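Some structures to go through are shown next.
In the two complexes below, subunit A is the common chain; its partner is subunit B in one and subunit C in the other.
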Partner chain A sequence: MRTAGIDIGSITAKAAIVEDGKILGTKVIFTGYNAEAAGTKVYEELLREKSLDKSAVEKIVSTGYGRNSVNFADKSFTEIMCHAAGAYHLDKKVRSIIDIGGQDSKAILLDEHGKVKNFVMNDKCAAGTGRFLEVMARALEVDLDEFGEISVKSEKPSKISSLCTVFAESEVISLIARGEKRKDIIAGIHESIASRVASMSARIGLIEPLMITGGVARNSGVVKALGKKLNMKIEVLPYAQVTGAIGAAFLATTL
Partner chain B sequence: MKELTEIKNIVSNPYAYIRKCKKQTGKKVVGYCCSYAPEEIIWAAGAMPVRLFSANENIHLADTHLQSYCCSLVRGILEEALADRLDFLDGVIFPHTCDSFQRLSDIWRLNIKGPFHLDVVLPVKLDTPSALQYLRDALEKFKNDLGGKLGREITNAMLADSIRTYNKIRRLIGKLYELRCENPQIISGADFHAVIKAAMIMDKNDFLEALSQIITQLEKDGAQKTKAKVKKLVLSGSVCSHPDIYNIIENAGGVVVWDDLCTGYRYFEGLMAENSRPLEAIAERYLNRVVCPAKHMQLKGRGENLVRLVKNSGAEGVVFLLLKFCDPHAFDFPYLKGMLEEASIPCMLLDVETELPSEGQLQTRFETFIQIL
Partner chain C sequence: MKKTISEFLKTVLIFLAGRFKRLTMYFKKTKTMKDYMMVYYSQAKSAKLTGGKVAWITSGGPVEPLIAMDVIPVYPENHGAMIGASKMGGSLCEVAEAMGYSADLCSYARSDIGCATVNGGPIGGLPKPDMLVCCNNICGTVLKWYEIQARYFNVPLFILDTPFCHTEYTEEMARYVRAQFDDYFVFLEKACGRKFDFEKLNRVGYLSHQGQLLWQAVLDTAMHKPSPMSAFDAFYHLALIVTLRGTKEVIDYYTWLLAYMKDRIARGIGAVPNEKYRLLWDNIPIWHRTRWLSEKFAAHNACLVADTYTTAWCGALRYIDENNFIDSAAEAHARIYLNIGVDQMAKMVIEMIDKYDVDGFVLHSNRSCKPYSFGQLDIQKIVERERGIPCLMLEADMTDERTFSESQISTRIDAYMEIIKERKNKK
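Up next, the complex of A and B:
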């Protein structure tokens, strides 16, 4: 059986196609202004890359904040359900997930059958999310993709005490003015995200093995800081950013 | 249903209704902010008790008096008064409950000129041997003070009459809760919320009549409406001024069948004895009713009540709707959550202010919560 999952996030749209328990392919594009168009585009591009026709896919599940604008999907599930399903299919041993996306961060607890037992989600504020990192990358004039690599070199991370993205940005600007090193500021930013996500996760109590998913998992600096803060080993898979879409495709097999 | 449409109109513009009512009946309007306000005495005195709610507008005038760590309910009510939107009030009363409401009472006295102002100093511990006498005396003092402000004597006969009216309303609201719990399809959550809110705004006789009609109709309709399979939830917290919450929960496949809100079941819970002395009967109701967390009655009373509500209503989970910066409720939350966990009842916490968090976020949280029940 061949199924697809479409995950429309606030910054990127992801698609995945799954066949008989195997991942055939995945794709990530920017969501942009029109979530509906992004859903169609990412799916069609993936089909083209894999030389598949629409008729070759039996069921489609959509997820992410734009899940209801994917009008060609058979059903939608929340991204929490899909990240759980995706992580579980990638590694059956996983018991907790931290998902850091563009505008949300979430911690999810699973039981031994991959069922969601509990979850917690950030409210309102963008601190501890990908958007926060984007704002900081702009202030520091560094490509976001280099953040992880740069921060690893820091020996003395700067202190960022503001929780609010806007205030933290001005704090970072003061640090730049004071002549603090870029690597230390970036490491400080990662620590501030880690402590925000760790304190949120404490509300449900994480259990090992812990996996990180979502776009921010690509940033090795955040993962390292989070592992240190939680004092836990964190599993990062190359599929981290598309875990939600993969989970959606797996959930589509149950329809 | 004609009565329901009327009620929804009143709730969508309560101030217009109160002004019209005041003009037609000549009754004095007395505002209150909490379900410890002895409304029965206000109604007995021939005045019209109306509950004050927070502003839906941005709060800015109140910010000069109250810091942002005060809850949006207290700040919002002050905003309404400072913006002169409560000019229909002839008086306002403040029962002694949480710190923020006590300060609001003082700030009101200093800054809001016009309506008379009364504090009702209630005991904090409601399970001591002297609580009944204390409460009875406080109510007696309030009765005399209010009579003085309104220029009339409030007799036992007037109080007994008022108690009967409130009992009738409370009995019917209890019936409404039971009907909806039995078959949530009979009335949508948003409409249900409107009826409950109207109880705190409308003239008691008018409300009683409308409510009786609505319940008769619902009982008739109910027999024909099939019971859909939905996950039943209990809402726990202080006030709910967000009818959208009910819609969002319903869209996510759930339904709120019971609550322990100050603007909900706690307001209606318990009847007063009609054959004993009226002030004692009012006091006894407060001592028998489940407490607000700003009061004390048995260490785990609220938790036991919540678990009981969930079991009796057949609910599968609890949604805590807590006002940000409401410390009495926040202090209780960890132990309530613990008691629910012990009873294997899942719960989720939603912190709210005047505005709800963005709808997409709420939808995701409710959908997931309901799916994992």
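Up next, the complex of A and C:
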């Protein structure tokens, strides 16, 4: 059975196709302002890359903030359910997930069958999300993809105390003006996200093995800071960003 | 001068509209909540015309002595709920914020303080008070809020101080609160210029108790499956037990409502057409989103069958002795849900979980209401431990719609319902 999952996030749109328990392929594009068009585009591009026809896919599940704008999907599930399903299929031992996406962060607890036991989401605030990192990258004039690499060189991370993205940005600007090193400021930003996510996760109590998913998992600096803060080993898979789409595709097999 | 005349004419019109409504109600078989509320507010707003007095009072305050002295009680918190439901909270809060009040302050307080200066909101502001009665059994904010309004309107303020009952109600507490009731009577004698009518207080106290019993009976109908009413219905029908407690109108209305709900039970009509999941709600409603939330849960075949909020107006019934109203009222006012320790609150929540046989517990972490929201995480943990049902925390505000994030809340509810469905289907 061949199925697909489409995950429309606030920053990127992801698609995955699975066949008989195996991942055939995944794709990530920017969502842009039209979530509906992004869903169609990412799916069609993936089909083309894999030389597949639409008719070759039996069921489609959509997820993410734009889940209801994917009108060709058979069903939609929340990203909490999909990240859980995706993580479980990638590693059956996983019991907790931290998912940091563009506009929110979540901690999810799984039972031994990969079902969601409990979850917690950030309050309506960009701190502790990918958007926070984007704002900071702009202020620091650094490409976001280099953030992780730069920050691991820091020995003395700067202190970012504000919980608000806007205030934290002005804090960062004053740190720049004070002549603090870029690597230290970036490391400080990562620690600030890590504290935020860690205190939120404490509400449900994380259990190892812990996996990180979502686009921010690509940032090794955040993963390192989070591991230190939680005092836990964090599993990072190359599929981290597309875990939700993969989970959606696996959930489609149950329809 | 012109303004005074137009103000006067407006008051006359409000008075006449109220009288006309009352007349038409006389011939109406089923009197609606709207009928009662319109008469109530027109009476309050035209009290000056008839020589009546108006008191503003906190929602948990003892209203019966006011009614016994023919003072019309008006509730800024009920008004706050109306402002919230009309989606006018944000703009009125902005008025208060421009005056210098912090955005972290309770949105009922902010919208009331803002509204008093502009006479805005859905009913053009509350009638000016002749006195203020503040009981701090619901929160500490009301103390400063009422002091501000007492200064603004230059009217006397009575404060009833109810000590926090962490675990018990001691002899000292009882004496302390009871003694203040005597002060309250003296305050009213002075404000009204006549002797306090204890005989009438007993009658009002009796009606108040009967009203609360009826309200509890209405809420109890939700024990039935499917529930004939949802918490969203309770949020609506609550207005009378809050504003007119101690009057015959409350008895008439809830007698009718109880019969109506029983009839729905008899005919198998549920508030949610295909009720599959039953939930308990905690905290003040998100007034500006009640319809949206109601439809959201109903789309998942979930009914919020009960809530800790509307139960508060009959939650202290066990302490009331209808033959000894004054002494027992002191205890009942001190031991309301918001004035007890977290362990006791959790115990009451668990009693409700069992009573209404719910599958989940939804907690509104209300940015405005600190005493209601502060212990919620502990209560949630106790509930998860004791009953093992999934709990959901929603961050919002009762009146200030600017704090609401629809897509976030929507995802949380959807994900929560996915968990509830999985659990229930497994059983």
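In this section, the second predicted complex is superposed on the first by the 255 of 255 C-alpha atoms of A that agree within 3 Å, B and C clash if a C-alpha of one lies under 4 Å from a C-alpha of the other, contacts with A are read in each partner's own complex, and residues count from 1 in each chain.
Please note the rule applied: a contact is a pair of C-beta atoms (placed from the backbone, for glycine too) under 8 Å apart; a residue touches a chain by one contact, two chains touch by 3 or more.
For clarity, every value in this text was computed on a predicted model and none was experimentally measured.
Placing subunit B and subunit C on a common subunit A by superposition gives a clash between them.
Using the contact criterion defined above for the overlaid structures, shared-chain residue A:52 touches neither subunit B nor subunit C, since it reaches no partner.
After overlaying the two complexes on the shared chain, residue contacts for A:144 are found with neither subunit B nor subunit C. In the overlay built on the shared chain, the residue A:79 is in contact with subunit B and with subunit C.
Legend: residue contacts after superposition of the two complexes on their common chain; A:176 is shown touching neither subunit B nor subunit C. By the document's definition of touching, both partners, subunit B and subunit C, reach A:123.
On subunit A, the patch touched by subunit B and the patch touched by subunit C overlap at residues 65, 77-81, 104, 115-119, 121, 123-124. Contacts from subunit B toward subunit A in the complex involve residues 346, 351, 357-358, 360-361, 363-365, 367-369, 371-372.
Those residues of subunit A that touch subunit C in the shared complex are 65, 77-81, 104, 115-121, 123-124, 203. Remark: subunit A residues 65, 77-81, 104, 115-119, 121, 123-124 touch subunit B in the complex.
Per the touch definition, subunit C reaches subunit A in the complex via residues 377, 384, 390, 393, 395, 403-405, 407-408, 411-412, 414-415, 418-419, 422.
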